[in-house]
Structure formats: C-alpha cells, structure tokens
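First subunit A sits with subunit B, and in the next complex the same chain sits with subunit C.
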Partner chain A sequence: MQSLNLNYYYVLPHIILSITGIMSLLFGAFNKQAHRDLVFINSAGLITAGVSTYRLWNLVSSNAKDGPLTAFSGMVVLDHMSLAFIFIFLIVAFLSTLLSLNFLEDEDQSPEEFNSLLLFATVGMMLMASAGDMVMVFLGLEIASIATYVLAGYRKTDLRSNESALKYFILGSFSTAFLLYGMALVYGATGSTNLETISNAIKSGNNAITAQPMVMELLYVGAGMLLVGFGFKISTAPFHVWTPDVYQGAPTSVTAFMATGPKAAAFVAFLRIFVFTFAASYSFQLHTTWVNLLQVLAILTMIIGNIVALSQTDIKRVLAYSSIAHAGYALIGFLADDWISVAFYMLTYSIMNIGAFAVVSVMAGKGDEKTELENWAGMGFKSLGLSIALLVFMLSMAGMPLTGGFMGKFFIFKTAWDKGFHIIVIVAVLNSAISVYYYLRPMVMLFFRDENETNPTPLMSWTTYVTILLALAGTFYLGIMPGRLFSLLEVAKDVLVK
Partner chain B sequence: MRLVGLEAVIFYLFAVVAILFAIFMITARSAVHSALFLISTLVASAGLYFLLQAEFVAGVQILIYVGGVLVLFIFVIMLVNIKEEDTKIFNRQILIASILSFFLGLGIIAILLQTQKGNFFTLVSPLPPKIEQVQNSPNISQSHNISQNTIKIGQELYTRAVLPFEIASLVLLVAIVGAVRLARERKQEKIYD
Partner chain C sequence: MVPLSWYLALSAVLFTIGAVGVFVKRNVISIFMCIELMLNAVNLTLIAFSSFYREVSGQLFVFIVMTVAAAEAGVGLALVIAVFRNRESLNTDDINLLKL
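Right after this comes the complex of A and B.
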C-alpha cells in the first residue's frame, strides 16, 4: 500500500485560515461591538497564511524538477498554479474584510459571523485551488458556496438581499448537482476520482479499476456535465441568468467578494480539470471537443454580457453584466491552454472589481439605497476623489492602457492569437470597444448632469478608503509594471506544462 | 456489465420506482405528500445500493436520509401554513391505517418473542467477542457479517480519504454558522446583547 503522506505543512495556509475563522467566531461571542478588532484578527490570519503560502511557493520552485508536490495520497496538489490562485484569494479576502467594516458598522450587523464566513469561504476556494482529486474540488466548492449563500442574505430585513440569497442558493445547488453528476460519470468511465489517475486512464484508454477499455460516451457526457456546472459557477452564457439578480440584491461589499473570489476559484478548478486533466497530450479528440464547445461559449458570453450591459440602469447590474463579459474574456485563455494569463487576468479583474464595488458601496450610501444611475446625477464634483477612482476602475475594466485591465486582456489575447484562435480574439477586441460605452456612462451621469436632488456628500470610513487606495495602487502597478509579476509566473510555466 | 435474470428485474423495478416517485415529489401539491414521495425515492435508491452489494451505504442512506426527511416532514407540518383540506389527509384512511399498524405491532411482538427465547422480560444478550478473537479470526467478514465492501469503505475513509473526511466537518461548521445566522431573530439577538 502506498504511503499516505500526511503532510500538514502543505495545507498550512488552509489550517491557519480555518483556525482564524473559528477564533473570530469565539472572539465575537465574548466581545460586543468587536467590529474593528475582528478586522485586525482577520488581517493577521490572512497575512500569516500569505507568508506560509510564499514559503510553499519557494518550496515548489526549488523542487521544480520533480513536478508538483502532492500530499494526503494525492488529495492535495501544490504547484505554481494552485499557489498563484491562493495568493489571489488571500488578496480578495483581505480587501473584502477591509471593505465590509463600513457595512457591518453602519447597519449594526453581527461582524463575527460575517468575518468567519468570509474566511471559511476563502478556505474553500483555496481547497479548490490545491485540489488533486474531484472529491476535494467538490468539498471546496461546497464550503465556498454555502458561506457565500449566507453572506448574500446577510441583510436579513432587506427583501432584495433575501431574494438574492434564495436565488443564489437554489441555482447554486442546481449547478452543483450538474457538477456532481459529471464527476460521477467521469468516475464511472475512468474508475478514479484522482485527477492524475484520470489523466493516465484517458491516455491509455483503459478504466483504472477494471483495466477494460473505457466507455468513451460516459466520459464525454461527464465532461459535458462538468462544463455546465463550471459554466454556472463562472457565469458564462447561457448559464448566466442568476448573476445580475444575485449581484444586485446582495450587500455591495459581499457582491465585491463573490464577483471575484468564488469566480476565480471556479476558474482554477475548471483549469485543473479541463486544461490539465483533459489535455491534448492525453486525448486529442476530447481536447478538441471541449475547446470547440468553449469557444462558442466564450463568444456567446462576451456578446451577451456586453450587449445587455448597455441597457442597464442600475450600477450593480452593469457591473454584474460586465463580470459576465469578463468571464468570457478569461475563457479565451483556456483555449490556448495557458493558465498563466488566466491567473494574471483573474488578479487584475479581482482588484479592479473590488475597487469599483468599494466606490459603489460608498456612493450608494447606507443600506445600498442609491444604486440607480439616475440617483448619481451631478455627484461627481461633490465627491471628486471617489468619482476619479471609479473612472480609473471603469477604464481598467474597459481595457485602457496603463491600467491592469489592459495588461490582463493583452496577455490573454496575445497567447490565443499566437495559438491561432484569430476569430475569437477579434470578437473579443470588438466587444471591449463596445464595453467602453457602458463603462463611461456612470461618468457622464456623475459629471455632466445637473444635480436633481440634494444628495448628501457620501461618507466613508478609513478602511474603505484604504481598500480603494490599495485597489488603485494594484490597478496601476499591474498596468505599468506587470513585468516582474509576469516573469515570476513565466518561470513557473516550464515546470507545469508536461 | 450486463444485468441478467432476477437482478435485472429488481434493478429496473427500483429504478423505475425511484424516478416515478421523484416526478411525483416535484409535482405533488401538498408539501406533506412531497416529503412522503421523497422518502420513497430515497428508499428505492437504497434498494439499488443493496443490489450493488453495498449494504453499508444502503443502511446509511435509509438511516440518514429517511431519518432526515422525517424531521423535514415534521418541520413542514409545523411551519408551512397548511390549508383546511390539507389538514384532513391524516384522517381519511384511518381504518386501513389502524389495521395495518395492528398487524405491524403484532409482527414486532412476534419478532421480539422469538429473539428473547420465550422469556419476554429478561434480557439475554450474547457476550461480545473478545478483541483477540476478532483480530485472529481469518476472515472478519465471516465472523461478523461485515461485507468486504464495508471494510473497504472504513479503510478508505481513514487512509486515502482522510483529508476530505476531515474537511467535511468544515462544511458542517459553515452550514451551522450560516443557519444560525439566518434563522436567529432580532429579538433573540437583543436578549443576548
């Protein structure tokens, strides 16, 4: 029997965050009005987890020749991709923690559950990133999803928030059922849930248990179900219908989190199963099939996301449709089998999206009352800093040079173009051009309309201020000097692609 | 693998029953009926597990799901506003129900009498086997009526699948925290503050 390899060091970031989550629960139970202390506890946990992830990154780099590190009999796989995404999740969780303080304090919501659920969701996402087995993908997804359902309904007395949570819960469970059924069928075809064993089985064409030729139809139907399940989670068209309602109804700081974190987590599991396990070097036919399917999905997603966003009047719905469109852009990276550009894209996307939602949460005021664009008329000069920050984030999302969004799109389009996917890149560039219209419309509202009601100047706490500043810094850093980060990731590339 | 003979008959019986009751469950008007159909579906799929010689999974299925659904059933009756006509569902077939439960009771008593070897009121329990006996027995499955399948599940759960097994507790923790948060009322929060 093979060794179990119970290496707790490899899951240290996960363990640290779980313990921090439980600690925030306990701390909140014994201290009233612990809003601010909990932010410090959470940040300390996240930074410690970040340090241990950094050490693991160095370990992976120094063991580069032996391939990825595995632990717990193949349940955990650590390579540069999983660690890069874990870093993204930690950044998202950190910014969301800072951002949510304002919401929790203003509306007197209990902070301990919010903060611990945020951390548990992050642990779930990290488990998805480091999963070497479909069971782990499923468990991580469930942890992240359940925590996010509750966060979406955190404003209990608000009907929109209730609707958002219920819709997210029902459709999320529905999509998880697809995913699980797909996993069961793939298991039936290949005889294993371990992704490495699955890829070997696909390569040899034999079931891992019976050593008989595998039933290919089962594998294809299973892969299709997985595609639908992940499609729901990352909100690609035509599985995107839940996104606008859920993003609109949830408290804005929660929307910032769930538009970035769980989405990036679904992307990394998607990459792990499709790009790495169903790779062209294992089965050319399977690979061609899903690449063709995904190409259609990506084009549909970009077009639907961008076109429908044009007619939205609520800023949160605009951002929701924009996030659908961004999922389409990121999918292009899948076609080129390039996880690095997808990871870079998810990083820039997360940072600029959290920044934009942070501005929205301040402008919308207490209880997210003013999310309609009409309400924002003439507010631009009253809150100049906020408006300029929003302008930067919006331009970055539209793909303006000197911002992170441009570099993210550039790398993705470039690798896809080099691999010969010309049509889809052209469609994507055209779509980016369309998107400029709805990204700039809030600016027109803010600066070029007369104020039609006496809006009070929006106030914000220092944590929100820090969030916006950090997001701005990140957007510019990734836009002007992406070279260092990208070369770090490029080193990882030689190791990963077999 | 191809199903033949009685196995095929039983498989298709259970499969059709499971699917039919699943359809009934989502089309039933009354929530109570829905819950009952759900139990039937779950029992039928437990039957399918038996057919795969996975009697442990089948037992767990019945214990947890059917038990859990029964709790759900009670909650539905308590929480959902049941209309007038729906409240009478328990009274309609009272005669048949009482006859059935009479025979069921007789059956239970008969089994009890049989196992107690005539004397109903003294509890005779066989001595538990010594640990050495268990360890030295050449085939655990024969001495204890545990099938190889069940042994395999136990071994896998604590060796290869130990991490998912532990992480399942985190799923439960998140679910509990979330449920408490959403179900707690303002008044209760005020009291604790």
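Right after this comes the complex of A and C.
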C-alpha cells in the first residue's frame, strides 16, 4: 500500500487550470462582452500550467532512478508519458481557445461558459493522463466527457448541434458503462483498483487481497470490456458509428477540440491500462490475447475509416472518417508496446487536425452553413491562402514527407516493423495511399470546378489566422525537424523502463 | 449467505437488459434509463466484490460512480430538453438530421 502522500505540487497544472476555469466563469458573469479578455485569461492559465508541467518534467527526469512519482495514495502517477500527453492537451486547449473566439463572437454565444468548459475538459483529460488508479481514469474521463457533451450542443437553437450533443451523450455514457463494467471485473479478479497493485497481482497470478490464485476468466472478460469501452472512446471500428454524426453536427471549433483532445486522452488511458498494466512482462498470455484482438481492430479501423471516407460529401464527415483511420494507425503503436511513437503521433495528429478544422470553420462561414464540398466549388482562387493551408494539412494527414503526419506515421510503422508486425504495416501503408484520394478531393473542388453560386470571400478574425499559422508552423516543424523532440522523448524511454 | 456468483449473475443480467434496451428503445428518456440500469449493474458488481473481500475500495468506487451518474443525468436531461424545445419529439427515429 502507498502512503497517503498529499503532494499538491504534482497536480499543480491541474489546479492552475481549474482555478483559471472558475475565474473565467466569474469574469464573464460581470463583463457581458468579454470575448477577447477571456482568450487572454485562458491563454495565461494554459501557459502557466505549461510552465509548471515543464518543471514537473525536469523533476521526473532527475528522479528517474526511483521510478514514477506518485501522490494521493497512488491515485496520481507522474511519469514522462503523462507529462508528454499533458503538454499535448495544453497545446490543444490553447489552439481551441484561439479558434473558438470567432465562433463565439460571430454568433453571439456566451463566451464564459464555453471557455471554462474547455478548461474543465482539459483538466479531466490531464487527470486521465496522470491516473494511477482505475477510479481516477473513470473520473477524469467523465470530467472531460461531460464538459464536451455540453460543448457539442453549444448552438442551443441549431438542430444539428442538438442532435450531435444528444448522440454523443448517449453513446458516450453507453461506452462508459462498458468501461466501468470492465473495471469492476478487473477489480474482482485482482482485488484492487490501483494499477500498480493490479500489475503485481497479474505478475504473481494471485489475488491481491486473498492471495489465492485469481479467477482468470474474470480478468479476461474485464479486459475485453475495457477494450470495448476504450474502442468507443477512440472510435475504432466497429465502435465508430457515432463519430461522423457527432463531428458533423457540433460547431466546427468544438469539433476541432473533440477530435483531438478527448481522443488523445482516451489513448493515454488506454496505453496506461493495456500497455503498462497488462504488459507482456507481467502476463505473457494476457498480453498476446489483447495484442491479437487489437491487431484485428486496427486493421478493421483503418480499412473502414478510409473506404467510407471515399464516399463522403461533407468535409466534416470526411475529416471524421479520416480521424477514425488515424486511430487505426495510432493503434499500431500499441502492438509494438511503444508509447513514444503514439505520443508523437497524437501530437502531429492534433496539430494538423486543428489546423484543418480551423480552415473548415472559416470556409463554412457563419453558422457552419457551407460544409458540403459542393458549396466550395471554385472558391480556391478567392481564398488562396486558406486553400493552400488546407492543402498542407490534408497532405500531412495523408503522410506526405516534410510534414508532421509523415514523421508520425514513419515512427509508428518503423517500431511496429522492427517488432515483427509486417502484415499490419503493409496494410497501413496501402491505406495511406488510398487516403490520398479523399484528402485531395477538396482541392479539386476548390481549384478545378466553376463556381456554381456567387460565394462571398470568407473572412476570418486574427485569432483564427494565428491558429492556422501556428498549426502550419507546427506541422512543418514536426515534419522537418522532429529530431529534437523525439530525442527528448527517447531519453524518457530509458528513464521509464524500471 | 448468498454466494458471490449469484450477485455477479444478477448484475450481468441487469447489464445485458440495459445494453439491449439502449438498442431496442425508441424514446430518448427510456434509453437514458437503460444506461442508468447498466451503471447500477456495475455498482452491484462492485459492492458484491467489495463485501466478498471485506474491503472498502470497491464501495468507494461506487460512491464516485453514483456522483458522476448524477452529474451526467443533469447534463443529459438538459440536452434532452434542448432537443425537445426545437423538435417537440423525443423519438430517436425523428432525430435523424445527420445521416450518411
């Protein structure tokens, strides 16, 4: 048993963001037109949280020999993986805050709830990243999800937004029930909810409380339920059906957040439970079982995501199916037991997706009216900069060299290939080739079709402009010079293996 | 004393009824109730294990699940009201704007 170690310094980033969220709620209550001020408050909170995360990263690096830092009776675990993902969440939240200003101002939505919900969701995601206990995984997941349900339905009078939020809510809680049942069964089998105790129990094969041999069936069924629950959350096929509807109906700046943040959070909890707790070094048989299952799921996810994306006519649905396919690629990193390439992949994925959705939010205009690709015919030369930015993000998602997407895919495929997963890597590469078709179709629409109606030139505010520029810079930086970041993570790998 | 397996079987049955109900039911409120049934089946499992092991961590988990379920119900019913205001229907067959 761990001692009750109430170390608030380890959760300082979480605390800072929670306080910032409450502050922006209060600030908005007293200033009715506070859209711009709230962006500054949020950014200040996020940057402060980033600085304290950076200090924690150094602390973890210098404490490397003693293993990960734990606090609150093992509820909070800080290692390089949790901190790397916390950085990703902070970046996502920062870009989403900038991106959403235009939506909130244009449509006269109340900004204070939006900004604080965004931060609360981020806190939930950060708790998932630093969870050392199944209770914490569940709690963080729900904090993030409940805030995101509300964000998805933020256009209160828009039928599409209502429907998206309702579908997200129903399927989100449905999948949470599966996840919880899995947790309950794993608790039943191993006798603990603490992940470290669980891994020790799996290693010894004995229940942590009774010290009798544990009932393996319970553990396997529990792990299966967890797999289904996480499958829903990261939208792997066949649990992906909610994704396109929810992404299409939600306001575009919310979609940008939903497609990146909560997904990366589900990935980190998935990694923590499966790759770290159900690891091969603890139980070879359990590990082989879930790796085989996940291999099938990853292949299905890539194929279904890419094939169905070919027939979509709505740009947000295209991006939704592309995000399903990307979940498939990222799952390959799980097979190779390599969290570093998954973290790097989620970073590149988040940046290019937020960029693409930012362009979509400008092109679609007020109220997201024009998301059908047909509406975009001939708009390319009117808004050349935007179209070129979209081209870059789309090529990056397809895996074009010199962009971040290529490097993300490269690292994932390389580790999987080295571990002997040849077939799945070949399938993934073929799928990337298929995906080029639907990534380039918007470009054909934009540049090679005649305008079928006189569209006004899309206007954008400076924050959206900055978001797109930052996303472009990030995409190129990760594509051309990934070495520095990757070597930073590689050092973390040596530290992590105990 | 009732053996552990009876509790587990009961909660598995309750969970299945809830999961099937989510697919079968057409009214949003009924679907929501089915989800609550699934969550409570999980709570039953946790409590059964907790009392079997004579240890409290499972029961603490149940408290957290109940709290979160209450928060979720608040948000969920608010969303249901938002949909009903704009559509005047809670039948899932009518909520079909976003489709392939």
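Operating definition for what follows: the second predicted complex is superposed on the first by the 495 of 498 C-alpha atoms of A that agree within 3 Å, B and C clash if a C-alpha of one lies under 4 Å from a C-alpha of the other, contacts with A are read in each partner's own complex, and residues count from 1 in each chain.
Criterion: contacts are C-beta pairs under 8 Å (C-beta built on N, C-alpha and C of every residue); 3 or more make two chains touch, one makes a residue touch a chain.
Keep in mind that this is a model prediction, so the values were computed, not measured.
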Partner chain in contact with A:173 - subunit B first, subunit C second, else both or neither: second
Which of subunit B and subunit C A:341 touches, first, second, both or neither: neither
Which of subunit B and subunit C A:301 touches, first, second, both or neither: neither
Subunit B versus subunit C as contact partner of A:184, first or second or both or neither: second
Touched partner set for A:149, first subunit B, second subunit C, both or neither: both
Which superposed partner A:431 touches (first subunit B, second subunit C, both, neither): neither
Subunit B versus subunit C as contact partner of A:192, first or second or both or neither: second
Touching partner for A:76 - first (subunit B), second (subunit C), both, neither: first
Partner chain in contact with A:135 - subunit B first, subunit C second, else both or neither: both
Set intersection of subunit A contacts, subunit C complex versus subunit B complex: 135, 139, 142, 146, 149-150, 153, 156-157, 165
Partner subunit A, residues of subunit C touching it in the complex: 8, 15, 18-19, 22, 28, 31-32, 35, 38-39, 41-42, 45-46, 49, 53, 55, 57-58, 60-61, 64-65, 68, 71-72, 75-76, 78-80, 82-83, 86-87, 95, 97-100
Subunit A-facing residues of subunit B, complex: 159-164, 167-168, 170-171, 173-175, 177-178, 180-182, 186, 189, 193
Contact set on subunit A toward subunit B in their complex: 1, 4, 6, 11, 18, 22, 25, 32, 72-73, 75-76, 110, 113, 116-117, 120-121, 123-124, 127, 133, 135-136, 139-140, 142-143, 146-147, 149-150, 153-154, 156-157, 165
Sites on subunit A touched by subunit C in the complex: 134-135, 138-139, 142, 146, 149-150, 153, 156-157, 159-160, 162-167, 169-170, 173-174, 176-177, 180-181, 183-185, 187-188, 191-193, 209-210, 244-245, 248-249
